[in-house]
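You will see two complexes here that share chain A, one where it goes with chain B and one where it goes with chain C.
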Partner chain A sequence: MPDVNITVDGKKVTAPAGTLLIEACKTVGIEVPAFCYYPGLSLQGACRMCLVKVEKMPKLQTACTTVISEGMAVTTDHEEIHQARKSMVELLLGNHPLDCPVCDAGGECELQDMTFSYGASESKYTEAKNHKEEQQWSPVVFFDRPRCILCYRCVRVCDEAMDVAALGIQNRGSGSVIAPNMGDHLDCEECGMCIDICPVGALTSGAYRYKTRPWEMNHVATACTHCGDGCKTTLGVRRSETGMEIVRGDNRDKSGPNGDFLCVKGRYAFDFANRTDRLTQPLVRRNGKLVPVTWDEALTYVGQKLAEIRSQSGGASMGVIGSNRTTNEENYLLQKFARVVLQTNNIDHQRTADFAAFAAALAGRPDATASAREVFDAPAILLIGNDPTEQHPLLAYQIRNNVRLHKARLYVVNSESVKLRRQATLFSQIPSGSEAAFAAFLAGGDVANGANRDEWNALRDQLRKETGLVIAFGSELRGASIASLNKFALSVQGAKLICLADYANSRGAADMGVYPDLLPGYVPLIQGSKFKAEWGTLPDAAGLTLPGMVDAAKSCKLKALLVVGANPVFRMKLDPATFANSFLVVQDLFLSETAAVADVVLPAASAYEKSGTFTNTYGDVQLVKQAGEITGTKSDFEIIVRIAERMGYDVAKLVPFGSGSRADMGQSRGAQSGEADRHAVWLEAQGLELKMNPFDPTAVFDEIQRLVPGYQVSRLNLMAGNDQHTRLDQNGGGAVGDPALIQPANDGLFSSGSTGRYSKTLNTVMENRNRVEMPKVAAD
Partner chain B sequence: MSVIKDISEVAKGMGITFMEMFQPTVVENYPDGPGIFKGAKFQERFRGMHVLQRDENGLEKCVACFLCAAACPSNCIYIEAAENTAEKRVSGAERYAEVYNIDYNRCIFCGYCVEACPTDAITHGHGFEVATFNVGALVYRKEQLLAIKPAQMGDNAVFNKQEMETQRVLPG
Partner chain C sequence: MTFSPEFEQRFTEMLTHYPSKRSVLVPTLLYAQDEVGYLSDEAITEIAQRLQLTELDVRNVISYYSMLTTKPRGKYNVQVCTNIACILRGADDLWEHCQKKFGLRHKQTTPDGQFSIEEVECIGACSWAPAMQVNYDFHENLTKDKFDTILDGYKKKA
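What follows is the complex of A and B.
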């Protein structure tokens, strides 16, 4: 678009034609106050805070609705403007309660800020204020009507960005009031976007309500630990009697691929970490009962026992089950531990998507994967299988808003009439289970039985005409179907692929080689010379898969099993007696079904309580930072290192620590903590920071960057908190295995099996939904 | 020579001493004086141990806004907020301080907290006898800081813990 020149307060501004005046001002650092304007939402022009003087225009103009035009001369700082803004604030405060000391928004309230800036601290009104009782619309949404300034941000974000439209406006003029769709309560996705976006304290969060105040918290930027989308979240943390408690999650600074978006899980379901029934003491089975012991006792016992089994029955009699929610460093360390310390390739995890086959299909193909950010900019998107609204809320959000703001074309192929069909240019409902046939058809195969030949042909023709198509597919496509899809992608110019997996670090577990037949970076065992050179000898034969280990346990061939952050008894619906003849060690947060039958249970820290990196399902690697702290737990990283040490292994070989040249002893809490962070980033970038102890995950990340193909991302950017897209094209070749090994969890919006079921807020929301929906079903 | 000089110096010094003998007494008879202040006298605005005030209905004035904690330069105020319910009403507004601790190991009696409080809930009393052999005892809890009765019902300048306990009367 051609550029337009204007002057704002004497400064020259050049911006593309069509830019809003308020945005043009921002580019030269001039902030125009606004309540109702919100970037990315439709224009409202309701609050009239953004008034500016435009030369040759008789009246003050609203900067949020004025489009710049050539030669425009704008003044934003003038007595008349101040007067206008002051009286707007005065009007808003006319019936606004003096609630600041008890209002959750206090300290980060835009109305407070405006009142400070424009000083409408005295009022001409003498009438008594019209009080209305606060309303609870759902377990997590509260509404305080007198505090509402009618900016309609909540209504618009719910309708436009979320496509839920659960909020609306009742009455007209000054009698307008925001109201929920079900009259007195909400039936919605409970994402909390309305609360987050509300400039004042009218909408408040049931989970955060009255707990603390903004300045009382430390704010820690980390990644969400629930689904595979990897939203960045800023956690508000406060000290508590058990350590550090997380009280709030949001992403107001819009860093990360998700902007300010978080779904119900990211926003509220961190509370599983604060539960009082978290394990905080190691447990050892004595006389059939789990009894608490000290860490030292438990670790020594595990170390001795594992060393004994290794020398008696060999590594092949032991197994390791890894996790979808531990960090990359921990996954890497775990498989290294299995291979070099236990001397076994019997290591696997619950696979929720076929990344091994994905890697096999994409080997040697540069730029073939799309990042989470790219979904928002792609000109066209093809979605096969999966229901992102339920399973990948961020993906659904990115797609929806791409269609809305950038007019992207969306093609949805699904056996269900998923909600995203509402944004689709073309929606093709295919018979259940025929996703693989569709992939084969795209690759040039024949039309499957029962499918509409013309519809599929037309769709394929249209897709082939696209450029820069992003193809996202669910776990319905596995093994050979992924190769077919890739074949099709090669025929579309600039097409990129996304393989959707369920959990926060499912991709990381796959990338880090928690596989019986693949080393980190999808390197087949026989090609592992690079790893052998660093690690020493490795067992050569492929190990047992997860079902293989379960079978071995049933036939008493599996003498020892280490389960880290997984719950096979619950997930695979196993008979609890399955592991009766194996020495079972479980590292977990809670006494899960598997932990309950273990010989030793080691209390682990959750992903909110440790540092490291996560890789989301798109392949974007992000920093995970410690926010909370529960006394008595240890990170899985530390536990693995300690077990290795008790088995007589030299930990310096497991974790290459001790390198670097200078340490930073910066403050990690308090006002100066940011300084230390920035300093750390600088030290990292210069390769100076000293890894002083064997529990330092960055020491392992060094090794990952050295050995794992695709992970050579910018350390500087990563440490600064930016998501970095890894490459899959240089991977070791992958493997196409048995499709039955893929066991998706099929969690919905309000469930995430592994940790979500321990979240009080999530459970309350779910119970409430069931309760609310009951009469509706009866009336149908 | 030097002897005369020494004597004159002593005489000069003693002269001041004798002169002072005829001045009025300014020393307080603390701690042997009368009353609950044991003879100690205060300027009206002396900043001593804090008192958390009650309103005219006997409800706590503090609404747990955390402004005092924010203003405190030595970071010694710790608060946990809770919500008032119909059955259990503690303060006049939506929420109250379930836990309110002041750590007198760190307090510098600067009065910033008092200045910051929007509800005039926290005030300085005249108490100053806080010395102890156990630093743990210097973290004062809400129960120890809370005024016994609303301010208009009498003097809330609670002197020390012991008197607080002996003088305890029900609000209202």
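What follows is the complex of A and C.
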């Protein structure tokens, strides 16, 4: 678009034609107040707070609906404008309860701020205020009518951004009231977007309301611990009896790939971490019963036992099951621990997507994967399998809003009539189980059955004409099918792929080599010379897979098993006696089905209580920062290091601590290049260099960046809290294994594996839905 | 639910008059109300489905217009204008009189279901104020006596 020049308060502003005046003002740091305007939503022009003077226009104009035009001269600060805004605030306060001292929004309320800026301390109204009782619309959504200023942000975000349309406006004028779709309650996705976007305290959340004052919280930016999408979230935390308690999750600053989006899980389901039945003391089985012991006793016992089993039966008799929700550093450390300390390749995790085959298909092909951000900008998207609305809420949000705001073309191929079909340019419903056949067809095959022939042919032709196509596929596609899909992607200019896995760090577990046959970065064991050079000798033969370890346990060949953040007894529906003949150590948050049959249970910190990095399913690595704290727990990282130490292993070999961090913290070009190195030299000279301990995950991240080339992202950007896209192409060759090893969890919008089962909010939302026996979402 | 053939005919024709389905909503609601007497839950569900709207959307629109109602009202709906021109010419007294005569208040209905009364905003008959509307019929230049005579006429029909 050609640029247009205007002046605002005497400042010259140049912006593309079509820009709204309110946005143009922002580019030169002039903030025009607004209640109803919200970037990315349709224009409302309801609140009249954004009035400005435009030369040659007779009346004050709303900056939120005025499109800039050449030569426009605008004044945003003028007595007349102040007066108009003051009057608007006075009208809004006319029926406002002013219960700020108890309102959730008090202290971070846009109406308070506006009143503070423009003042309207006197009112010409003498009428009694209209009171209405607060209403509960769902387990998490509450509505306090008198506080509502009728900006309609909630209605628009629910309809436009969420495509749920559960909120409406009834009556008119000053009698207007926001109404839920089921008369007196909501049937919706419970995302809380409406609550988050409400400028005042009219919509409040069941999780947070009347719990705290905003200024009593500390705010910690970290990543959501639930699905594989990796939304960034800012947690509000507060001191509590058990340590630090998380009371709120939102992403108001719109940093991260998700902007201000969070789904019900990200927004409320951190509450599993606050449960009072968390494990806070190590347990050891004595006379058949798990009894609490000190950390020292438990660790010493585990160390001795594991060392004993290793020397008696060898590493091959031991196994390790890793996690989809521990950090990259922990996953990396765990597989290194298995290989160098336990001397076994018997390590695996619950695989929910075939990343090993994905890596194999994409080896050596640069720019082949799309980040979560790219989904929002891609000109076209092909979705095969999966139901993102349920399983990847952020992906669904990005796709939906890309279609709405950028007119992207969406092609959906699914066996169910998934909700995203509503945004699709083309929706092809295929028989369940024929996703692989579809991938083979795309790669150049022909259709065996005549039914879909014409449709598929037309679709393939259309897809081939796209450029910059993003192809996202669910776990329906595995092994060779992923290779077929990649072959097709190569025939579309600029096509990129996304492999969808279920949990917060499923991708990280795969990237970090929690595999029996692959080292970090998908390097096959036989090609692991650089790892051997750093770590010393490693067992050469591929280890047992997860089902393999279970079989070995059944036939009494598995003498010891370490389970970290996983619950195989529940997930694989195992007989609890399966591990009766193995020395079973479990690190977890709760006494899960697996922990209940363990010999030793070690209470672990949740991902909200530790630091490190997560990699989402797209391959975007993000910082995980400690928010909460539960006394008595330890991070899995620390537990692994301490076990190694008790086994007599030199922990400095496991965690390369003691050295400084990589010196790329400054500019590499220009006048200030080398600044960081100079700084490091100075620090060292003063004896102030980073003193890292063996529990410092950044020491392991250094090693990851050194040995896994795909992770050579900007450390500075990462530390600054930005998501960084990793690369698969520079990694090892991957592996195409047995497709049956992929076991998707099939969690929906309101469930999240074992952590979800412990979330009070998710449970009440689900109970509520079952009780009300909701019809399908009204807009669906 | 089923509507009369006349309704269906009108509905089908209306669809051809507008660029999008949702635009047909307001006239459809009016016709449905004329036929059923009010906008019942069933009617709302049916119309929402036909126009591919949510029921919430339909209810939002109904609540916006005071002429549309989701509650049954009398066979004759007496709507007395109490806006500015009519007030200046005695509408206040007339509305008082109306309430007393029926023993009803705003938006109430007689037990036999024949009459309901309503205080409304300007009905566009200011030149002949004070004015009222009974269903779709206008009655102008009202006095209390004239009001009684008109109402007696309706009572006979009832």
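The rule is simple: the second predicted complex is superposed on the first by the 740 of 780 C-alpha atoms of A that agree within 3 Å, B and C clash if a C-alpha of one lies under 4 Å from a C-alpha of the other, contacts with A are read in each partner's own complex, and residues count from 1 in each chain.
Keep this in mind: contacts are C-beta pairs under 8 Å (C-beta built on N, C-alpha and C of every residue); 3 or more make two chains touch, one makes a residue touch a chain.
Just so we're clear, the structure is a prediction, and the values are computed from it rather than from any experiment.
Q: Return fit or clash for chain B versus chain C, each positioned on chain A through the superposition.
A: On the superposed model, which is not a single observed complex, chain B and chain C fit side by side.
Q: Touching A:A179, do we find chain B (first), chain C (second), both, or neither?
A: second
Q: Quick one: classify A:Q712 as touching chain B (first), chain C (second), both or neither.
A: neither
Q: Is A:V102 touching the first partner chain B, the second partner chain C, both, or neither of them?
A: first
Q: Name the contact category of A:W215: first (chain B only), second (chain C only), both, or neither.
A: A:W215 sits against chain B, while chain C stays out of touch.
Q: Thinking of the overlay built on chain A, is A:S117 touched by chain B (first), by chain C (second), by both, or by neither?
A: Neither: A:S117 stays clear of chain B and chain C.
Q: After the superposition, just quote the angle formed at chain A by chain B and chain C, using C-alpha centres and rounding to the nearest 10°.
A: An angle of 80 degrees, rounded.
Q: Quick check for you: in the superposed arrangement, does A:I169 touch first (chain B), second (chain C), both or neither?
A: Only chain C is touched by A:I169; chain B is not.
Q: For the superposed model, what is the least distance in angstrom between any CA atom of chain B and any CA atom of chain C?
A: 31
Q: For chain A, what residues appear in both contact lists, the one with chain B and the one with chain C?
A: none
Q: In the complex of these two chains, what residues of chain A are touching chain B?
A: By the definition above, chain A touches chain B via 100-102, 106, 209-213, 215-216.
Q: Quick one: which bits of chain C touch chain A in the complex? Just the residue numbers, please.
A: So the residues of chain C in touch with chain A come to 54-57, 59-60, 63-64.
Q: Applying the document's contact rule, which stretches of chain B touch chain A when the two form their complex?
A: 63-67, 69-70, 81-83, 93-95, 118-119
Q: Using the touch definition from the top, list the residues of chain A that touch chain C in their complex.
A: The touching residues are 165-172, 179-181, 778-779.
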